[in-house]
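First, the structure itself, so that you have it in front of you.
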Amino acid sequence: MTRNAKHPPNNEHIDNEMLKMEVNLDDISGEILGHLMDLLFDAGANDVYYTPIFMKKNRPGILLQLLCSQNELDKMKQILFTETTTLGIRYYPLTVHRAERIFRTISTKWGSVTIKEGIYGGQVIQSSPEYEECKKIALDQQIPLKKVYEEVWKQLNDY
Amino acid sequence: MTRNAKHPPNNEHIDNEMLKMEVNLDDISGEILGHLMDLLFDAGANDVYYTPIFMKKNRPGILLQLLCSQNELDKMKQILFTETTTLGIRYYPLTVHRAERIFRTISTKWGSVTIKEGIYGGQVIQSSPEYEECKKIALDQQIPLKKVYEEVWKQLNDY
Amino acid sequence: MTRNAKHPPNNEHIDNEMLKMEVNLDDISGEILGHLMDLLFDAGANDVYYTPIFMKKNRPGILLQLLCSQNELDKMKQILFTETTTLGIRYYPLTVHRAERIFRTISTKWGSVTIKEGIYGGQVIQSSPEYEECKKIALDQQIPLKKVYEEVWKQLNDY
Amino acid sequence: MTRNAKHPPNNEHIDNEMLKMEVNLDDISGEILGHLMDLLFDAGANDVYYTPIFMKKNRPGILLQLLCSQNELDKMKQILFTETTTLGIRYYPLTVHRAERIFRTISTKWGSVTIKEGIYGGQVIQSSPEYEECKKIALDQQIPLKKVYEEVWKQLNDY
Amino acid sequence: MTRNAKHPPNNEHIDNEMLKMEVNLDDISGEILGHLMDLLFDAGANDVYYTPIFMKKNRPGILLQLLCSQNELDKMKQILFTETTTLGIRYYPLTVHRAERIFRTISTKWGSVTIKEGIYGGQVIQSSPEYEECKKIALDQQIPLKKVYEEVWKQLNDY
Amino acid sequence: MTRNAKHPPNNEHIDNEMLKMEVNLDDISGEILGHLMDLLFDAGANDVYYTPIFMKKNRPGILLQLLCSQNELDKMKQILFTETTTLGIRYYPLTVHRAERIFRTISTKWGSVTIKEGIYGGQVIQSSPEYEECKKIALDQQIPLKKVYEEVWKQLNDY
């Protein structure tokens, strides 16, 4: 509930209230970064991702980037300063154009699957089965995940 | 014709005559590496790929790896020594287990498409439409490539 | 012709009308991304490049970035929404300082080659032979591409 | 129980029965690769990791590598062929020198933590707190994970 | 002295005068990039880092990014244009939130080590020993660098 | 002197006594890895390089690879076990084909520069100026490093 409240609406819109935050890290271990990603998503980040970078003194490092709305800025700073080794956090505004999202359900021989459809310019541009549901079917049925996706794609109507 | 002669057979088999060759490069430009990849494939390499690596003295470098049969070794050495800046080429043998490959054709509303099927343990494990044919349809029909793939997947029978 | 119209002028200038667009992708294959890059360049992108990133749930992903002028924004959005699996495209303005570009021709023993010179602060800062011309010579003459570049560099006058 | 049976013994030893397996992937999504990693670990792989690579036709791809003992080879092949899009799996033997591992428990103000010590040449070379235990403390105590590690390091005796 | 003058102050502050500069490079060698990083730091860049990227025509490339204050812009342009092969440099403003930094000294059995502490919201969030001092101890004492860090962490007071 | 003793001879030869060693690291910082690379080179490694990898539990990690002759194996193990956090080191033999190397000196307007030439099949395949000498000229003369290389290339005779 509170989680959903942070999420963008499902209609097509242009969001001018987003930020990208960035931190360069060369003195932290991968173990801590794996944990950190979960914390940032739980706190409301829209996306978090790591890029390998080459830093001074022959150090392999990581560029942490995250996307969040401007009113999450302080919460993200708090996590980044306390959980990582950085002493400086940089950020800048950006615009996000989001397609409309609608959800429908299709039936497969292994049960129903939610399809997230993306609509742009009045046209269906994406039809993506929900990953977690497909994964659950794969594990329950003991079949390859790709086979679940293939089955779903066969059931989808043209667009 | 001569190209095909170099290619592995289509039945399932274990190939013990393969090599991986490797070169580390820190004093060559990306332009030349793009050209080199084509040359190596044309000369019969089974695969060629580049991995970004961090080398001494803060140098971003590239690890070139290629797979070829042992009787292509000298030809590959010749290309690597003359086209790159390396003075040392390393290699070691490896085994490749290849699934059986069969080809069949399906019809779509935009024409026929070749499907490469992989068979392992008597089971169809893959059904991949040929990329170049799908790309041609996408360009000819002015439609997204992913839409061509989706259409193809709908036409495939279960396996 | 229309292509050239989109390109920046050759004199030194500061361009404040540029955008960077970005999309994170974890549910698309490399095959489609190879094709997409061509489409985006053909549609007028100034540059397109992919960065490997680490995304949630142990997913290797790709950050697509492209540079274009602001009046190409809608065309790029159309391609990104229809050809990729994204439902959100982000972008932000940036400034580009471009050096002056002039073109001259030099002679080599294998024919003439165009040199693109960059001029900054009244000084020649770059002299780059055109890649496609050098590559053509390499293929025609059956010689290493690096040898063509070396020959060209020997013919260039000091700067 | 069955899981442990696959694991190497804790004394220092040189293991000559290990394999590295490799697959290049350019037509699969990151979503499926995230799922695959779990499957391979569950089936007994000693390690699994992905490296971003540059493949032909401008395709960003992934090199999957896994380490397993030779008697796990068939099980790994089965998973790789059915869960990925590959039609060829390569592998080669390698030697692993493993340090002795011993486990001891230390007390912190937030409870006890298991320490895995590595011993090589009769000398303690590593003292690593168990990640999952530290993470649990961090979540339970609502404190940064790095703070848990720091506390643990303070409690460790010299070596 | 002049070097310090370029550095940000040690108190906690938000700096709105920073820039990120970027250049894409596909026709330069790693050797030159290793040298360039030193030049940019010496000229006052706050950070410089390289990211491997996939560019057109199958070229592995490098994205150079640097952070500097706006009044260093011209100096950085001069270096980038003359030392690299680029004809276009892009940049955009960003904000940096820096934690307070204080320095204190602790004693170890191998001598004293400076600790850089970061303070955010009145709380010590980091305690990092100075790398160069720890490295010197490791080399002088012929001990592993990680052992020096471990010794330092044991000496630090709680925070 | 002892350093040179470890180095391969300058004539063309095939070396069957080489090893590749590998370690996966997800619980160590970039700072320590920068230091480690120097230690390994100083101890006689022929090459050392880092590759960014994606490991379990969303951890960005590093694959350390090094090349050494078989009689350096124990020395390298000692460093890897004591300086990194690994408890397992893997390795396998490989073959290296090295081109002949000869050294000659050319004159430039800024002084002489050593050229390392590679010879393969009786043909000069490389002519590389020594990086450290070129860098010294660039710093002494206050000119771009690429300009030094360009000057050198102009002085080289055809091959």
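Lettered A, B, C, D, E and F in written order, each chain numbered from 1.
Assume contacts are C-beta pairs under 8 Å (C-beta built on N, C-alpha and C of every residue); 3 or more make two chains touch, one makes a residue touch a chain.
What you see is a predicted model; the values in this text were computed from it and never measured.
Considering the contact criterion stated above, the chains in touch with chain C and with chain F alike are A, B, D, E. Ranking B-C and B-D by contacting C-beta pairs places B-D first. Note on B-E: its contact pairs, compared by residue number with those of D-E, C-F or C-D, agree for more than half at C-D. Inter-chain centre distance (chain A to chain F, centres taken as mean C-alpha positions): 39 Å. Computed centre separation for the pair chain A/chain E is 29 angstrom, with centres defined by C-alpha atoms. In chain E, the positions touching at least two other chains are 27-28, 31, 37, 50-52, 54-58, 60-61, 82, 85, 92, 131. Of all residues in chain B, those touching chain F in their complex are 22, 24, 27, 51-57, 61, 63, 77-78, 81-82, 85, 87-92. Interface of chain E with chain B (complex): residues 25-31, 33-34, 37-38, 50, 52, 55, 57-62.
Residues of chain C touching chain F in their complex: 52, 54, 56-58, 60, 150-151, 153-154, 156, 158. The part of chain F that touches chain E in the complex is made up of residues 28, 31-32, 35-36, 82-85, 131, 135, 138, 144-146, 149.
Contact residues on chain F toward chain B in their complex (touch as defined above): 8, 18, 20, 37, 41, 47-52, 67, 92-99, 101, 116, 118, 120-121, 123, 125-126, 128, 131.
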